[in-house]
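The structure appears right after this line, and notes come after that.
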Amino acid sequence: MVALHHYLILSAVIFAIGVIGVLIRRNLIVVLMSIELMLNAVNLTFIAFSRYLGSADGQVSVFFVMAVAAAEAVIGLAIIISVFRHRQSLDPQEMQLLKW
Amino acid sequence: MVSPEPSSVAYDLLRWMPLIPLLASGFNLFFGRALGKQTAGALAAAAVGASFALACYVFWQLPAHGIWRDTVYTWIESGSFQVALSFQVDALTAVMLLIVTGIGFLIHLYSLGYMAHDEDRVRFFVYLNLFIFFMLLLVMGDNLLILFVGWEGVGLCSYLLIGFWHHDHNNTIAGNKAFIVNRIGDFGFILGIFVLVTELGRQGIWTLDFVELQQHVKMLEPATITLITVLLFVGAAGKSAQLPLFVWLPDAMAGPTPVSALIHAATMVTAGVYMTARLHFLFILAPATLALIAVIGAATAFFAATIALTQNDIKKVLAYSTVSQLGYMFLAVGVGAFGTAIFHVFTHAFFKACLFLGSGSVIHALGGEQDMRKMGGLKGFMPVTYWTYLVATLAIAGVPFTAGFFSKDLILWQTFSHGATGLWSIGLITAGMTTFYMFRQLFMVFHGECRVDAHAKAHLHESPAVMTLPLMILAAGSIFSGWLGAPEYLWGSRWEHWLEPVLGVSEVHHDSVSTEMIITLLTLGVVVSGFLLAFVNYRKTGAQTGSQAGGGLFYQISFNKFYVDEFYDLAIVRPFTALASFFARIIDPWVIDGTVNGVATTARRFSNIWRYLQTGNVQHYAAMFLTGALALLAYFLGQL
Amino acid sequence: MAGKDLTPPATQGVARPLENPIQWFHAASSVVSGKWQCRSMDMASVIFYLLATLLVISSLLVVFLRNVVHCAMALVTALLIVAVLFVTLHAPMVGILQVMVYAGAIMVLFLFVIMFLNPVELERRRGVWWGFGTILAVMLACVLTPMFIIDESPANPLAATESFGSPEMLAKSLFNEFVLPFEIASVLLLVAIIGAVVLAKREH
Amino acid sequence: MIVDLAIITVKAALVLFMVLNLAGILGWIERKGSALIQDRIGANRASIFGFAGLGLVNTLIADPLKFLTKEDFIPPAGDKFLHMLAPCMALFPALVTFAVIPFGDVLHLGDRVINLQVAHLNVGILYVFAMGSLGVYGIVIGAWASNNKFSLLGGVRGSAQMISYEIAMGLSVIGVLMIYGTLELQEIVRGQATLIGALLPSWLSFMHPLIGWLPAWGIFLQPLAFLLFFTAAVAETKRIPFDLPEGESELVAGYHVEYSGGKFLMFFAGEFAEIVTVAGLVTTLFFGGWQIPYLLRDGFHFPWGGQWLLPQIAVVFLQVGAFTVKVFFFCWLQILLRWTVPRFRYDQVMRLGWKMLLPLALMNIVVTALWIVAWQ
């Protein structure tokens, strides 16, 4: 039978993969995607807990996470668009005007 | 805080007495100019008149042994320690109420005329009403804290009013002087309050309420009480211009004359006396303090009188005479005759206010001239002022059947019968000097040939009715107010009985009427001699008035006020400023700023190193963030 | 008159459970494990491990593919797999929402932006930094994983009622105890919409 | 247990078969219909012995054969994998949507009670929308994979248009859901068996003789919702008047310029499958699904008294038949629309979606909610 910590470990792995994406990708859109991936890993833990503890709250919080994710994606993409307009690039490592 | 006294009843009319002047003050402050200057003044006077009417009502309604209380709300509440904003009226307060509001009302009327030509008299009336408010707070407060608030408030108003004509730098300096000297006194005062509260609190009684204090002070051991009373007396000395803190009062004459009359003669300066009377239950437990007070009172009386002998400024003379009269009051307090002290406060309020207002009327007529050497022969020009002035002079000199006669002789008799013969003799001589300088002033101002310069003489005139009416009322008061406290061999005193519920059974020894009369006759003799001296020297005032240039050593010392100001300047002010400039030049720039700047520089150095962590690359930040998170997670993992 | 008596016996008949894919999984699992004697793991485990493997692979593709559109498609796949996981966990409602919101809306938005900007050049990669980031993330996984292997983690899910994860259940807790967060979330979305319009608008 | 699985499989296969064939038939009907409208003869080549009436039959075979035998062209600079994947993604959602659409009431076989619906999901309608929202990928990916500026434009247009209209579509249905109080389509259909008379509030009882005899179908309870839903659904199918993604006159053929042969067939079939799905949804939500007025499980019961009892199997056949007829009707309605209405301009499409349908749908929701709060 599948125990709770199977799901937890799975989500941990997915989360870590998302972190890799955030850290190393040099394309803002992909970075944003990786963030979505991390959010999904968290959602997975929520759902697993709500299933194994038999409470609805986990699913409700997933609902809210989705709302936040949608907002975050929309705003992020809007920012990306306006950035891309100013400097024809999506590379986060070229956007360092705020360094020392 | 309901008092255990059976006869203490709630009576919430009281709060209006201080409130009305406050409201008037605030209204004038904001809308006074829109209202028109004359109207603003009238409003202010009306407000004080209203609280005067209230005071009279309360005075008549008040039962002989009653205390009326009006608790507005609980101001401070900390555990069992509770201070309410609440007023009380008993016999003592009732008297003070009459003085403050009554004299205050008259002086407001007078000011309508006196300040008629001043530009911003709206501000003047705002201050004046504010003063009345604080004074009422002082005398009506039923606990030390409210009394202290009033105490500070009147100090503030006095400062504001002394510096009222702030265009002249000297006035502001005088204001500062008064304020600072009062600070010294108030420091002692509040220290006294602290000690009192903490000591009682150690006994488990957390209160500032007078009635409760009166019940509980017995708990304290005498040494503590002495300490407390001495500290409180420092405050009183500051406020009531006793040695060595009297120096501010003469300079306070820089303010407008009505202010001098109201604040610096009739009401505020007597606050110290009121406070001691209010806390008499403390003071009578500390005989040492009482002795100290008596000595200082007598000394002040004598000392100020000697200075007053030679002054040429009409208001300075009155100022020093005020100081010396206050000395009398504290002499009375010192010999434990609180009722008598208050009695003298009462009478003195009348004639000293009358004198000040009279001098004010003279100054007004002369267009601001204050030097008596440039006056003389004004009798003809301003009869009303002259006659009222004469009456007041007789009263302060203590001519029989005037107010001063009764009160001053009562003080002297109390002193004598208290056994303090030395103090009594000093008081006696002072009485003589009082007569001398007062009549000297009278002659120099009103008699002899007129030395007024032509320009001022052109429009020399009697003051308008609004100014002379208060003069007449006060003159009448300075005769009849004393009759309340006549000695036994006359119709006897009703005063003592009135104050008995508050101050306890009076300690006046009426044992030997003969001795009392002998003492009185002795005093009269001194007074008459003083008068004759003045009469001989100053009747037809000529050369002598200008002759302060010569004169003996004693004359010089007296004329220069014993060099007290110079001494203070040398002994206190200069070292203080020197210390201050030392701190300003050495400590502040080098030590303080050095430390602060040093910290800043170090921070900048370090941040110059660390700032290279800020690569501006989001992913680097994320990596650092993740590293930190990893460290934390690893730590918790170790915990598991 | 009608309508009340129309609820058929079918709805609580034996046929009812099998109409629900969740029961379908478990029925199928029992069948299979009954047929082929696989002692080691039952059908549910098989399904879980299958989905887990696919999920990990697609996530890795999201991160390591070089073409943005390929990344997006991989992400869509991952999201759908997560949705299926939700369904197997008795959260059909959330699963459907996952498909609608993520796969249906958010990812389409991503694709829309990708085509709108159409970034032609594939991104250059920088070896050191890639290695470093990867190592960090692997460490993260290594730290997280043991934290989750706890003894008291429930081995078996509780017996779920028919209504568990149903829209009714979700709605009940959403509109009773979580009504304030719900409203706040709606405001958040409104703000996000306006903000996006303002940001992405080409200023004249 | 095995039997249950078998039954489900059979139901799924049956539905799939029906939908795909319907799509094929619609291909022929569209040709003939357009010819009818445009006063042409239309498809008449695929005839057997000159008897074109059988054209229907062999069109079903001829069309796929024709497509499958054509060359499958893949643009060299394109993305081969996604180019192959896109048509599947276009066809798949249209087919699976039918899983939750009930095509009949329960069928009694022996002691077994079979619900005539592939999947009985308590999230039913949401499942429909989820699948519908997946339909975008076919276009977008296809457009991007075939490296062609026209198709890219078509893809961008398509994604924007579909996202916009999904919102209006979803909101327009909510009124219906509130009325019937469930998300599950079978329940919705069963809810439509009652008569309006049973729903009338007391103060409207005087209307009873007028409308009381009407069945409580969505069209009567939510007419506005029907209009909105149908419009949005037609827009979702990307057919004229909403065929901006593939507008021939502007973008040669939009997102499937570069498609040919079997892959194009899949796009083609996907489009017709979508038509069928839309028809099925409209039928289910607004026209009582498999309901026939006054037909209950044991026969007809007329509100004006009198009844006509039928055997259960006959009832089932009547229901399925009714459902099929209704679906056919709405497919035909869409084809009619496609050949009679001119194409919008793109900004008009957007304005219609965002400034007309969306506010109207919201208004409908509010009004319905108020009605429900007031009278139930």
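Per-chain numbering from 1; labels A, B, C and D assigned in written order.
Rule of thumb we're sticking to: a residue touches a chain if its C-beta (ideal position, glycine included) is under 8 Å from a C-beta of that chain, and two chains touch if they have at least 3 such contacts.
The model shown is predicted, which means the values in this text are computed figures rather than measured ones.
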Pair joined by the larger number of C-beta contacts - B-C, A-C: A-C
Core chain by centroid distance, with centroids computed from Cα atoms only: A
Computed distance of Cα centres, chain C from chain B, in Å: 84
Mean-CA-position distance for chain C and chain A (Å): 12
Separation of chain A from chain B, taking each centre as the mean of its C-alpha atoms, in whole Å: 76
Distance between the centres, which are taken as Cα means, of chain D and chain B, whole angstrom: 99
Residue list for chain C, restricted to those that touch at least two other chains: 93, 97, 105, 109, 114, 116, 129, 132-133, 136-137, 140, 144
Multi-partner residues of chain A (each touching 2 or more other chains): 19, 23-24, 93
Touching two or more other chains - residue numbers and ranges from chain B: 619, 623, 626
Chain-level touch network, classified as line, ring, star, complete or other: other
Chain B partner contacts - residues on chain A that touch it in the complex: 19, 22-24, 31, 92-93, 95-100
For the chain C and chain D complex, residues of the former touching the latter: 1-3, 6-11, 13-16, 18-21, 24, 27-28, 30-31, 67, 69-70, 73, 76, 92-93, 96-97, 99-100, 103-105, 108-109, 111-112, 114-116, 118, 163, 166-168
Complex contacts: residues of chain C adjacent to chain B: 129, 132-133, 136-137, 139-140, 143-144, 146-147
Contacting residues of chain B [partner chain A, same complex]: 611-612, 614-619, 622-623, 626
Chain C-touching residues of chain B, taken from the complex the two chains share: 619, 623, 626-627, 629-630, 633-634, 636-637, 640
